[in-house]
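Two complexes are shown next, each including subunit A; its partner changes from subunit B in the first to subunit C in the second.
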Partner chain A sequence: MILAVVEKEFRMFFRYPLRVISSILVGIVFLLQFVYFGQAVLGGRYSALLEASTGMGDYPTYALIGYVLWWVSVSPMEAYVWGVRRELQRGTFETNVLSPSRLTGLLFGLALSWLLMDSALMAVVFALGAALFDIPVTIPLLLKSLPAIIASLVAFLGFGFIFAGLVMLLKNIGPFAQIFEFAMLFLSGVFFPLAVMPDWVISLSKLFPLTHSVNIVRTLFAGGGYSDVGSSLLWLLALIPLYWGIGYLLFRWAERTTRVIGYGGY
Partner chain B sequence: MKAMFLFAGVKWVRGCGMWAVEAEDLRKSYPKKIPLPFRRVEWVEAVRGISFRVRRGELFGLLGPNGAGKTTTIKMLTTLLEPSGGTARILGLDVRRNAREIRRRINLVAEGERTLYWRLSAYENLKYFARIYYVPKDEERERIERLLKLVGLWERRNDLVMNFSRGMKQRLAIAKALINDPEVLFLDEPTLGLDVQSAIFVREFIRRLVDEDGKTVLLTTHYMAEAERLCDRIAIIDHGKIIALDTPKGLKKLVREEETIEIRAKNIEPEKMSSSPFKMAVIERNPETGVLRLRAQVDEEELPKLVEWLVRRGVKVLSVERREPTLEDVFIKLTGRGLRD
Partner chain C sequence: MAATELRALWGVAVKSWRIFLSYKLWFISDIALGFFFVGQALLIGIGLTGERNSEALQELTGYSDYVTFAVLGFMVLGFGLTFLSGFVWSVVDELYAGTLEYSFAAPMRRITFFLGNVLTRILLSFVYMAFYVPAFVLLFGLSFDPVAFSRAIPVLLLGTVGMIGMGMAAAGIVLYLRDPGPFISILEMLVFALSGAMYPVSILPRGLQYLARTLPYAPTTEAVRKVVAYGYGASTNEITYLLLVSLAYGLLGYLTYKWSEKQARVVGLKAY
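And then the complex of A and B:
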């Protein structure tokens, strides 16, 4: 059933090549803006200050890793918010709910599809970024990073259920979700080191899986190993059940309430 | 162990009973605002305690004006909405406790044309729904082909739904609703907005589903003629309550032929009609000629008074005739107004 949802979403997305191209272009344009802005502020590609606080002094590599991981991490939330909203607008949401398939399974399929599609797009953006900024990337390095990336995405897949529940209930929560997405962009050290932020922000940032996954991947790209990022890894593994637990409980409450007021449409 | 067998046996017997749909004092209230914790909300009653039963293999109609509670009822019966009170059973299964089992055995053609994925082809739509309804893989292809041929869309199977006419979309929606071979099929206003030919196709198709395939069908409509021609029994629903339930013939017996009057008239202001002391309703308006057709239930003594009442209000009466009662007359008799009022 999950595969059926993935197949359907892929068909609808890749049926329009222009949409795919524009998504990649948007990804590239934002990346370039941030990288060039960062380099202008730092006065060049390398920053000793950045290296001292994060272990990685090459700004394009630093930004590219953070940016690509952020984009992919928010895609389950985007799927739950915009994907579910689109189904509500289409009028197909109730048709899905009516099937004997579990709603959580259908929504997970939706989030997984968006995650896979965004991953494919971001793989292209990452490759282009690496080529453009001459960043050395090897297959073993990517494979080594994969467990941390997957752990982070698994956490976000669970957390996104909160948004799925809220969309069913409140319908239009896009702006709220966007605030959350951009808060994560700033609070996870995507484009600048968290060391420059106040202590309470640093503490808060630990609750975002993205903070830990970017830290791990950057360390690996800088030549370190998993043993150097033990605490980030532990945080990440602890956040997975926490995010899934909170996400699932809130979703179930929202689903029960929605059955009282009706799934409805727009 | 014995108790388990006994319990399973009771469940089986209930599941195999003669009733496909049972509603007892079914109620539904909607909150005016989202009922968040610690928030006091007002509730509006949409369905106010309705009871009816539909036999297996019966074509049952819920007839009523917009806002009468038809769609809400159908949504409760199809497990999409939680009833506020009363009970509802489908094939002997409780809608609150056995939602998933019920969903395997029923399907719904919802109101409106946007229940399909417009960016998928007809075939891809049915394939998707076959998968989420767990249709066995080895049957999937054959079933989709059979259904698409049945609704006359096999030749257009690879076309995107967005390029289909409204009638074609509705035919595909019906095929989609048959993908799990449901024992009970719910149809919410199945011919709403269709052209005459498509509506005829849909009506004949629905009738065949009952007569030839033995399906149980519960449909909602606000088209009198549709309900009259199609349904074995009809429940007339108004303001969330069933006000009459019988066969079309039985319902029409509620209105005596000699009481049914049809008036053709001009210069009618609808707001003046609402204060009428007579059971009367406008059933047709001709925007080009300005001529209206009114149906009224009045006896011999009341008829001259009605005509006089109309004339005093500046209405130009063109003709007055006795007519055979229709379901529209039944509704006027029961509620004092027309379905479209």
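And then the complex of A and C:
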């Protein structure tokens, strides 16, 4: 059943090739803004200050890794917010709910399909970014990063699940989700080192899986190993069950509530 | 006749305004977008250089204060996108809602429909600017000189002619696309990337530099920045070039729009 949802979403997305091109272009342009701005301010691509605070001094590499992981991290959230809203607007959500399948399965399928589609798009953006900014990427390096990336995807799915319950209760949480997505850029050190932020923000940032994901992958790209990021790895692994648990409990509560007050109708 | 058109214009603008305000959280989200861009600019600058000013940027553009540089670019881009978005999204929103044919069949000129939507966005753009400028001064230490900034208004208006022209041309094309959403996203992203809002165009690869200078956005941004920093005397070249580009786009937009209106009478609009 989950695979059927994934197949439906893939078919809908890839039906319009211009939509795929547009998504890749949106992805690359957004990245260029900040990388070129950083380079214009730096007068080059290397920052000694960045290296001192993060272990990676090459700004395009730093930004590219952070940006691609950020995009994928907000993907499940977007799936719940926009995917469910789209079904609510079309009037097909209630029909899906009545189908002989569990709602959690339907929603998980939706989030998984968006995560996979965005991962594919971001793989293209990553390749384009690496070519454009002359970033050396090797197959062994990618394979080495793969376990961390897979763990990150599982964590992102759990984190996004929190929004599944919210979207059923509230009519239009798109703007709220957008603000939250932008806030993640600040709270996880995507385009700048977290060292410039106040201590309380640095402490808060540890609660987001993205912070640890970008730290692990950047360290691996800078030549380090998993032993150098033990703390981030432990945080990431601990956040996976935590967010899945919170998301599930919130969803069950939202499901019970909507049986009484109904779904956010359109 | 003129009074009737004005009433229709007002009606479209009010409708558009009401739709926007029906989801008030969008207003907050839009405002947050400005803080997001300028905040990122400030933190990237500090995170990479540890300084509030950049010598490298000074050499490239004449601006050492990268926050002021980004704010000016962001404002010109925000204002410029008003026209492109006003023209194309007004068509797309109504196409998706299935009300475009009704709106076009209403007893008003088609341009009135577009301008009504643009009017709302211009108003919003001014509301945002009125909010941003004092907030950026307070939060990000933006160096704001009202005299220098007011010098840029005529230059911005000059660029507006070209930006309206581009919006009209895009609206003419959008009418004939089956799924215009991706086309508009691609167009907006091209404008975004080539506007020089966050970085000087000269940092781009040469091919993209040429492309950026053939659109009305980057020449407007460059002329505005130069006039604010150095005055009119030092900006003659930028203003002359902007004048040429703006007139060309104004003419192109008018002709494309007239052609699309004529075509619409023959082949109809794309229905949803």
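Here, the second predicted complex is superposed on the first by the 264 of 266 C-alpha atoms of A that agree within 3 Å, B and C clash if a C-alpha of one lies under 4 Å from a C-alpha of the other, contacts with A are read in each partner's own complex, and residues count from 1 in each chain.
To be clear about the criterion, a residue touches a chain if its C-beta (ideal position, glycine included) is under 8 Å from a C-beta of that chain, and two chains touch if they have at least 3 such contacts.
Values in this document were obtained by computation on a predicted structure and should not be read as measured data.
Shared-chain residue A:V26: touches subunit C; no touch with subunit B.
Contact comparison for subunit A: of subunit B and subunit C, C touches the greater number of residues. By the touch criterion defined above, A:V97 lies against subunit B but remains apart from subunit C after alignment on the C-alpha atoms of chain A.
Contact with subunit B, but none with subunit C, is seen for A:T257 once the two complexes are overlaid on the shared chain. When the shared chain is aligned, no partner comes close enough to touch A:L143: not subunit B, not subunit C. The part of subunit C that touches subunit A in the complex is made up of residues 23, 25-26, 28-29, 32-33, 36, 39-41, 43-50, 54-57, 59-61, 66, 70, 179, 181-183, 185-186, 189-190, 192-193, 197-200, 203-204.
Touching subunit A in their complex are the following residues of subunit B: 30-31, 34-35, 75, 78-82, 84, 100-101, 103-104, 107-108, 110, 112, 114-120, 124, 127-129, 131-134, 176, 180. The touching residues of subunit A, when paired with subunit C in their complex, are 16, 18-19, 21-23, 25-26, 29, 32-34, 36-44, 47, 49-50, 53, 59, 172, 174-176, 178-179, 182, 185-186, 191-193, 195-197.
Subunit A makes touch with subunit B in their complex at residues 1, 3-5, 7-8, 11-12, 15, 90-92, 94-102, 106, 169-170, 256-257, 259-263, 265.
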